[in-house]
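What follows is a short report on a single structure.
Order of writing sets the chain letters: A, B and C. Residues in each chain are counted from 1.
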Amino acid sequence: MITTPTPPVLDIQHLHKEFRLRGTGRDRVLTAVDEVSFTIHAGQTVALVGESGSGKSTIARCITRITEPTSGDVLVEGRSIIKMPSRKLIDIYRSLQMVFQDPNSSLDPRKTARATLDEPLRLHTSLTSHQREQRIRELLAEVDLSDHLIDRLPRQLSGGQRQRLGIARAMAVDPRIILLDEPTASLDVSVRGQIIRLLERLQENKGIAYLFISHDLGVVRRISDRVLVMYLGTIVEEGPTEEVFTHPVHPYTQSLLSAAPLVEVGRRRERVRLAGEIPSPVDLPAGCRLVGRCPVATTACATTEPSLLNVTGSHRAACPVALDMQQVPST
Amino acid sequence: MNASSDVVLDVKRLSGGFEDTDHQILPVLTDVTFSIRRGVSAAIVGESGSGKSITALSVLGLTPAGFSLTAGQIRFEGEDLLTMDPARRRKLSGRGLSMVFQDARAALNPVFTVGWQIADVVRIHQDVGRREARRRAEELLDRVRVPEPARRMKQYPHEFSGGMAQRAMLAMALACQPRLLILDEPTTGLDVTIQADILDLIADLKAASGMTTCLITHDLGVVAENCDQVVVMQQGCVRESGSCAQIINTPTDPYTKQLISDSRLVETS
Amino acid sequence: MATNVGPIYDPPSLAHPFGTDRLGDDILSRTMSAATLDVSITVAVVLLSVTVGTVWGSVAGFFGSWFDYLTMRILELLNAFPSLLLAMLVIAVAGPGLLNVVFVVALLPLPDYVRLARAEVRSKKNWQFAEAAKLVGRRPVGVLFAHLVPNSLRPLLTYASVNASQVAATVGALGFLGLGIQPGSAEWGSMISRGQDAILSGQWWVAGFPGLMIFLLAAAFHLISDAIADSRDQGGSW
């Protein structure tokens, strides 16, 4: 990646999160996120994709410190937030915001749209109540919510309107980066398209960076510049979105992409099948996490954990076996 | 033999709704008409509020309290289910018709082993003893490709992943040897790779048994890859129905067109 | 309508619709002046208890750790005593009086409020709107009192209105036992106490009307609680 004089908006270094599970006898360790590093630059959209248990949501929670990471560092515009006392975090939340998956539970059911948007303005700005009211109306307009919804409670709004309100709340303080945790997962397809278009427009106008967490590969392909594929807490492949979608290298990425249905008539394209289901992230074995499910695994895979290796440019994959196969095309 | 004997399910001008506090019926279904031919894999597609699930529940006679049908017919293999005597309908719904629900883990009873629950269904529908029922249950689990079925029989639902639980539900549905299997969002909430596995499994089971399937879903991608006959619903009305290729490639209804372009995330001009 | 005007033990009549007692006091007027006292004691007790209980319980539930632990132990201790007996003991020691009665009776349902508030807040503190409030820039105390407590009030208020009917009965019981406020002042419990002997000799109205009033007050609070519960059923809020 080209180094720029300004620090990346978000710089994740060796982020690690373990949960200790109390049990009879010894405690067991659930590794949700294992030494994950990546950066996001201004105006960029990076997608985190993976299935349940991949740790993608935990990453967002660690970045915001809703969950405290076990180790590693998170730099927001060059400032490390991991050691920061929680009262100082409030400053960080002016640059870093989040939109939650489920707008039903992420909005306070007893607060009207106005009160929901007024709260960040009151806490982060010194605007007068009149100026705040004006800003609230601007925010509603930015997310295409009409003025007459201003006194509605969340339950009086549709799912799409609630998610727009959640986006407006994140936008209220003019952040540099927004973490979007499955923002379209609970929405109908017609509403999903509108929300995606809204996010794209806001990014264009304001140059906000997005970390877009999703299992919806269609949306990811449409919205993101780069994609990170996660499996059991690690990044197994990363690269420019089109590159990863058209030339997936890692067997897991191949399996994931080939399983996603396209809206095209006829049988699915040839699937790359993995054996069984995702194992539990408790007490992970040494070596590659895909061993046991992988069609190309060798004996070496069971002992050494693969690191990310260059494929082309900034496209990297954590599978030496697949990379070898790429370089020597089989007949 | 006329053409209608090839039709497994024939829904004609079905209307219904929820009764509000003033005993007014708020319409949910309006003149829903479609038919499903024997042996096809059909799909009813729609967004939330389209009435697709309540249509399926009406066929099974499992509509929620407060909902009532006001008009129409539901013919299963030529017989109108709505005017049929209830005892006969119950018998028919067990044998001929079966349904798999979205949240498989919630549909399984947490206090009994999965094997016990499948065997129980086997005993209700097949005249066999306890031991034979268990043997058949194990066979069914094997057919839905649950690994180590003998061990899995003794496990409780919480020990099953979402995908495995959905397989167990399929096994239970197969225990009734249905001629029409309705699947209500069977893969919603499951990961894409698990979803693909389950859909493949359904296609294989269908090919092996010759049953007709009807998939209720919001996901046009799933429909396009797995079905040959599609009914598109919106707000309680059928917008369009026809062959899958025709609906996806050359839709005529504006709503269907919009739904397809939204699903593909492309802008419509 | 004046007191001390009629003959003693006069049965209900047009002049004295509820009759008179052994001192010749008009029971209707005494019952009515007692209503002010009984209703306000009941309301004061419930307000005090629900406020203290909500703050205490929600803080314990939200912050957890040693404070929560201590809270639970105190609740267990309070639950170990038979409540009315506890109230009688405290008043016997502290002496009767309006404030003492309010404080003591408020102590009785306090563990229930603390427990309820604690459970509500614990169940909601990991809801996304609480997390979202943190990201909006709220400090923990702000998250608790601006978001979690308002969303926990409905079950507390429902319980409070049920509890109010018990409180009304308890206040009456203490008055009946002579442990309420000053014996001279009109209070339903002490009026029943004054009329208890008369029941046997046939003058049922002396104790009967104040008793009816306690019953009606309790019933009124039950109706309020039903109304609160119904408003939730209709999706008032969750």
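To be clear about the criterion, a residue touches a chain if its C-beta (ideal position, glycine included) is under 8 Å from a C-beta of that chain, and two chains touch if they have at least 3 such contacts.
The structure presented is a predicted model; accordingly, all values stated were derived computationally and were not measured.
The pair of chains sharing the greatest count of C-beta contacts is A-B.
The chain with its C-alpha centre at the largest distance from the centre of subunit B is C.
Averaged C-alpha coordinates give centres for subunit A and subunit C that are 51 Å from one another.
Separation between the centroids of subunit B and subunit C, computed from CA atoms only, is 54 Å. Here the CA centre of subunit A is 33 Å from the CA centre of subunit B. Residue positions of subunit C with contacts to 2 or more other chains are absent. None of the residues of subunit A touches two or more other chains. Within the complex formed with subunit C, the subunit A residues making contact are 64, 66, 87, 90, 93-94, 97-98, 100-102, 105-111, 119-120, 123-124, 153, 155, 166, 169, 173. Contact residues on subunit A toward subunit B in their complex (touch as defined above): 51-52, 159, 188-190, 192-193, 196, 215, 217-219, 222, 255-256, 258-268, 271, 274, 276-278. Put simply, subunit B touches subunit A in their complex at residues 47-48, 147, 161, 163-164, 191-196, 200, 218-222, 224-225, 244-245, 248-249, 258-260, 262-265.
Across the interface of their complex, subunit A is touched by residues 127-129, 131-139, 146-147, 150-151, 235, 237-238 of subunit C.
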